[in-house]
Amino acid sequence: MAELTHFDAEGRAHMVDVSDKPVTSRIAVASGAVLMSAETLALIAEGRAAKGDVLGVARLAGIMGAKKTSDLIPLCHPLPVTKVSVDLSCDAALPGVRITATVKTTGQTGVEMEALTAVSTAALTVYDMVKAVEKSMVITEIRLDLKDGGKSGRYEAKR
Amino acid sequence: MAELTHFDAEGRAHMVDVSDKPVTSRIAVASGAVLMSAETLALIAEGRAAKGDVLGVARLAGIMGAKKTSDLIPLCHPLPVTKVSVDLSCDAALPGVRITATVKTTGQTGVEMEALTAVSTAALTVYDMVKAVEKSMVITEIRLDLKDGGKSGRYEAKR
Amino acid sequence: MAELTHFDAEGRAHMVDVSDKPVTSRIAVASGAVLMSAETLALIAEGRAAKGDVLGVARLAGIMGAKKTSDLIPLCHPLPVTKVSVDLSCDAALPGVRITATVKTTGQTGVEMEALTAVSTAALTVYDMVKAVEKSMVITEIRLDLKDGGKSGRYEAKR
Amino acid sequence: MAELTHFDAEGRAHMVDVSDKPVTSRIAVASGAVLMSAETLALIAEGRAAKGDVLGVARLAGIMGAKKTSDLIPLCHPLPVTKVSVDLSCDAALPGVRITATVKTTGQTGVEMEALTAVSTAALTVYDMVKAVEKSMVITEIRLDLKDGGKSGRYEAKR
Amino acid sequence: MAELTHFDAEGRAHMVDVSDKPVTSRIAVASGAVLMSAETLALIAEGRAAKGDVLGVARLAGIMGAKKTSDLIPLCHPLPVTKVSVDLSCDAALPGVRITATVKTTGQTGVEMEALTAVSTAALTVYDMVKAVEKSMVITEIRLDLKDGGKSGRYEAKR
Amino acid sequence: MAELTHFDAEGRAHMVDVSDKPVTSRIAVASGAVLMSAETLALIAEGRAAKGDVLGVARLAGIMGAKKTSDLIPLCHPLPVTKVSVDLSCDAALPGVRITATVKTTGQTGVEMEALTAVSTAALTVYDMVKAVEKSMVITEIRLDLKDGGKSGRYEAKR
């Protein structure tokens, strides 16, 4: 049966030993969304041009958040990311802001958590900047879209 | 019309001046969930007793995450929280893990972001600890349930 | 004769005791500049509109840097800042980027170091973002322009 | 024409992808100065022997600052530095304190920002420790003196 | 019977609610020692004058460590310390280095953990700087000597 | 005669240059203890089952502390650890809690400080969680048990 690798044989949490894993190129892509009213979304969309760039601030926060992943997630290995990009776009169909993060490294473990943390941090930042206008926004659908590299190989989310 | 307070008159991001706001008691409650398969949830539920306490680790991560909020969210004011609690429970109806965080402070700004960050960090930690078993988990429905204290008064989410 | 307050009677570094100082409103303003060629400055100025907002990224970095001050400066007291703003502007006369930071708190010590750290961090970020184009940029003239509040009262730099 | 590498084709800030760059030995040297009155400088110089070692504290702060570079500079890659040294000396000709930092790594990106951050942090620390005596000190002439290693090769500042 | 306050009624870890505790002046003093051979101690003692100030570096590390306490200790409340001093002295009778830290704040919780963390960090730093010479050093006898302020009143260790 | 490597020829603290050291597998094991009354120890032992898992929280804190080592210890090189485990057990013979930490990396320097920091942080966390019941606990006997890998080879503590 499947095992929770973050615990040893006696059920004690530990940071998994990756010392013997090879150093390989790794990539992860994660996504999520912040749902809000159409009026709030319009304020963000309009603000991009004139009143303040919510998405630009959230993008930076997401990139910096990716670098703090191993500080936030207790059993996560520290690793030097080699690329982080975070894209945010207004989607009137939600209505809300869609977020996608891509992270790469060359290392012994994957960067799934870095990509997910980038999305989460960007989403929280959108919430923070807009909460004076709408407190009922919802951060949702944060998931891993893709990972590749390492022994466990490629994973792609089904849509 | 509503204004985005995190930008000045010329649309430049800044940390809002709260110097003249009174020091008052403040509380915020936020919640969210991590969706997964029933099999994965069973592994977590069972593990609590014998193989490793996923929810206990995530609870700690959430509490510590709340303390890092102003480091993660660019325009968030630093403030000394006076209470943080994070509750996680297995919900077979989702199926998945429900998370609720309560944060208090005595200060010049609210702790909504601290509560939301606690929930997000706990959710990411659940994902991290279980991802070897299921990568398709989804972090969802992160929202503010309640805030009280400060000039803007009480807010309660409609359900 | 003047004394270096950060050392005790025997010359050992310590964090000065401010326990008995009253809690008062405090403000500090600091400024600085990054000198560069006119061509590089044009790239930044033009980029604001179309290719990437160097000054916007540096502004965020400055605001976040202010919050890290007591972590960076060994004998600096931690204190919760209540306002941070960082302004950057292109000045063809230098040629270069001018930076000004304003920080406020309500506390037992001043925020001079927070304002200076905000300027320094913003300047380093400008350098980082433009260094692929010009490595000979110079960060210069970082100084305290104003402080007010607290026992030592108001200070204004002579110009 | 020269491009700002920290933005993608649509002008959005990102952390540049260095995944495919080779791991090479890299070095960077940066310098700067803190200008002050001759009386203040004398206090620092004298203090070294008897009353408290301003330069020793600033040296430590500079070394520790180098390790925080990727946390301070939003788009800077994290990398494990393999050597940091920071030298400070009293220069009566300024009058003031001269600062030089040397940083090395074996990695995929350079350590220019680490060297510049070390100098900045050391300079801010000198300011902090002496500001009770003279608030009009100026941090100035922070520049990259040398970098070597990596694809872009050697750079030496003209003097 | 005595209760472990860091757990709620159901045994779940939480950060204790101190919202309703009054803001009072608080102090804590902690101490500890690093045991080593007489030869190693002589190297440290001698170095103070000529070859490098182990105790000065460790003192700084201890002061900075006190500021990181709530980041290190999961359920510890963040609070702005108003004074930190760390004293280290060579004691031939151990033989080894004795360390004492004094921390003050004006707040809703005590600073015992800050004082103990300062001592621990200073001790670890002594070990780090001397370990090339002697790996068998032992960090020992870290204890709280005194605390005062707050509802639980004064505590003094028996000797 | 033995030299303190963390100082240069003129006695100035620096981070030792490890650029030319080979990348090898490294391991370190450290241990320590927290002494307390038999009654307090019983409370911890009992709590494991029902009232709150002191040792589980301390284990997490120790693992996360290992990741902060280079941030805490001024001249310590940053390096990405590949494994951290921390074991805590109740020992009625002390009476108290015994702590052992094992850390691995693949890098240019050893992980002795990471193992010692993990033990120290876990010990401080035990103290924090139990101090409401007994303030006279003592953190003691923190030492390096084993290191291996790197030029200086294997070290094992004599018992």
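A, B, C, D, E and F are the chain letters, set down in written order, and residue numbers restart from 1 in every chain.
Just so it is clear, a residue touches a chain if its C-beta (ideal position, glycine included) is under 8 Å from a C-beta of that chain, and two chains touch if they have at least 3 such contacts.
The model shown is predicted, which means the values in this text are computed figures rather than measured ones.
Each step here moves to a touching chain, and the least such steps from chain A to chain E number 2. Looking at the partners of chain A and chain B together, the chains they share are C, F.
Of all chains in the assembly, those touching chain D and also chain F are A, E. For the self-contact between chain B and chain C, the two sides draw on mostly distinct residue numbers; the shared fraction is below half. Which listed pair repeats A-B comes down to matching contact pairs by residue number; over half match for E-F among D-F, E-F or D-E.
Here the CA centre of chain C is 15 Å from the CA centre of chain D. Centre-to-centre separation of chain B and chain D, using mean CA positions: 37 Å. Here the spacing of chain A and chain F, counted between their Cα centres, is 31 Å.
Annotation for chain B: residues touching 2 or more other chains are 12-13, 53, 56-57, 60, 64, 68, 71, 74-75, 80. Taken together, the touching pairs give a contact graph of some other shape, not a line, ring, star or complete one.
The chain pairs satisfying the stated touch condition come to A-B, A-C, A-D, A-F, B-C, B-E, B-F, C-D, C-E, D-E, D-F, E-F.
Against chain D, in their complex, chain E makes its touches with residues 53, 56-57, 60, 64. Across the complex, chain A is touched by residues 25, 56, 59-60, 63-64, 67-68, 80-87, 104-106 of chain F. Taken in their complex, chain E has these residues touching chain B: 8, 12-19, 70-71, 74-75, 77-80, 107-108.
Per the touch definition, chain E reaches chain F in the complex via residues 2-8, 11-13, 32, 39-40, 43-44, 47, 50-54, 57, 60-61, 64-65, 68, 71-76, 112-113, 116-117, 120-121, 123-125, 127-133, 135-144, 147, 155, 157-158.
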